[in-house]
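Both of the next two complexes hold subunit A, though its partner changes from subunit B to subunit C.
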Partner chain A sequence: MSEGLEQVKQWILKRHPERTDIAPDTDLIDNRLIDSLSFVEFVFLLEQLSGRSIDMDTLEVDEIRTLAAIEEQFFKAEVH
Partner chain B sequence: MAVAALPVTDRFHEVLDRLSSKSIEDYYNPYLRFDWPDRLDENRMWMSPDLLTPYGTPHFDELGEETLIRLSKWESINFYSLNVHGIRELLLEVVARIHMPGFEVPSDFFHHFIGEENEHMWFFAEFCRRYGDKIYSSTAMRAGAGWEPEVENFLVFARVLFFEELVDHYNSRMARDDSLCDTIRQVNRIHHQDESRHIAFGRELVSLLFTRMCEVVDESRRAEVEAYLKRYVVYSINSLYNPHVYRDAGVPDPLALRNALLADERRRPIERTVIRKPLSFFRKTGIFTDDALPTV
Partner chain C sequence: MSTRPVARSPGGPGWANLGMDIVSVTRVQRLLDEHGEHFFTRMLRSGELEDCSTGTGLDLLGLCGRIAAKEAAFKTLRVRNQLLPWRDIVVRRADGGWPLVELRHRAARMAAEVGIQGITVSISHDVDYAVAVAAPIVGEPVAVSGTGSNGPQHTQPNQHSEEYPHVRGS
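Showing the complex of A and B:
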């Protein structure tokens, strides 16, 4: 797991103390780990960690649905 | 889905009649109402300084006058963009309910509401496109929350009401600020005048929907609804601290400024002033059992 993605996971875990880990394929939306109110904070975090500008008007929810999808979308080019 | 009719009162009927008559009497053509100059002066404030997000913290002075003036331009474009998206989303919800079971009584006023909100959305979008050459992105994620219909109906209009009251604080302040240019004051003044009707209507409707909701959900569900609505309050306030705005104003590390301001306790009493009226309404009606707000 890239350092950026690890920070993403820690950010979510900090907000959900009932969880100790999140599997790469866990659905973050269905499990309410990210919801409509935390979405914007989450996108700003992804922008900061990935160094990429994200257009919220065109962002598809599936692009951030799982940690695996986030890695693919935002951190794939990162050197491990 | 079967939803029982609202527990309407004589008072609700009277308020609807009065507000509908006022909407007809005060009707105006927004497409003719405004004088839009080609450009606004870039060397003066576009927003009252005390409404800017760094106000009340050391960052306000550290940013310097030139950056603050740029910030006032982009924070005002962000404010009007939030209005555009907020109205767009609330129209979807109201259109989904007009002439549907459970909303027979307020449907007539919904026609005025939809018409007026469409016009507000137009003049806010016009301001953004003319003077900012853009509308900032919506920050909404559309995902079903799985609430019961009575809860969903209550939450939709509670969110609409909170949003309108939040915006109205800014509108009434800027409408009165004679250091701002006429166009900015006029946009804010006209919106403030129309919104006073929508807020009066919203308070009545939300009270009835809350009564209706309490008849069908238990205490623990009510506590979840309260927790959600409080998060919505914080989410709405935080949407004013937009790192894309700070970037456009020339702030070197936009997200760091957002995080610093969200963490700065000197901002909390200022935010409380902005939301004093809706918070007091939520407390008085029992929607909120206390006035503690979560941190995000």
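Showing the complex of A and C:
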């Protein structure tokens, strides 16, 4: 797991103290780990960690649905 | 990966799905403290932010109410796998003080596809929370092509009389 994605996971865990871990394929939306309000802040976080600007108008839900998808979409370069 | 059981949705001609949302003032205050007022431009257009500003700064309850109204309006659309298009669901303040919803671009297209011609919304708040309930104005679904952000604007008819039937004709 890249450093950026680990920070993303810790950000979510901090807001959900009932959880101790999040599996890479856990559906963040369906499990209500990210809701509409936190989504906006979440995109802000992804921009800061990935160094990329994210257009919320074109962002697809599947791009942020799981940690695995987020790594693929925003932190893939760090894996190489 | 869906982890929740699902039931078959009712529906049919004339069926209207309400939407409701509640927003914690504490959560929004934290966002304001950590990221500043500019953060909310990701969710609200400049006119909306002006609507919930006072001479002494941002009206936090007003801001929470608008956020709740947008989410409630979005819930009436019952669309799958779509992120809330925050800035395309515009909640403005009418002359009478009641909220008006205007659907733009992606939100307008989502509404047209499910036959929603407009959305009426009501907001309430007290100290720690703001809540909003929204109801769609249902028509015939319209086939819409494309998912870009340059589609026609979509406004609701008869918002005043739907929201405040007691002022109809006044």
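By definition in this document, the second predicted complex is superposed on the first by the 78 of 80 C-alpha atoms of A that agree within 3 Å, B and C clash if a C-alpha of one lies under 4 Å from a C-alpha of the other, contacts with A are read in each partner's own complex, and residues count from 1 in each chain.
Definition applied: a contact is a pair of C-beta atoms (placed from the backbone, for glycine too) under 8 Å apart; a residue touches a chain by one contact, two chains touch by 3 or more.
It should be emphasised that the depicted structure is a prediction, and the values quoted were computed from it without experimental measurement.
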Superpose on subunit A as described above, then tell me if subunit B and subunit C fit or clash. clash
Which holds for A:D25: it touches subunit B only (first), subunit C only (second), both, or neither? second
For A:Q48, is the partner it touches subunit B (first), subunit C (second), both, or none of the two (neither)? first
Report for A:F39: first if it touches subunit B alone, second if subunit C alone, otherwise both or neither. both
According to the stated criteria, A:Q10 is in contact with first (subunit B), second (subunit C), both, or neither; which is it? neither
Contacts of A:V61 with subunit B and subunit C, given as first, second, both or neither: both
After superposition on chain A, the stretch of subunit B among 55-63, 91-99, 127-135 or 181-189 that runs into subunit C is 91-99
Common interface residues of subunit A - those touching subunit B in one complex and subunit C in the other: 36-37, 39-41, 43-44, 56-57, 61
For subunit A, which residues are in contact with subunit B within the complex? 29, 34-41, 43-44, 47-48, 55-57, 61
Which bits of subunit A are touching subunit C when the two form their complex? 25-27, 30-31, 36-37, 39-41, 43-44, 56-62, 66
The answer for subunit C against subunit A in the complex is residues 1-4, 23, 27-28, 31, 35, 39, 42-43, 67, 71, 74, 81-88, 105-106, 149
Taking the complex as given, what residues does subunit B use to touch subunit A? 137-143, 145, 228, 231-232, 235, 238-239, 243, 255, 258, 296
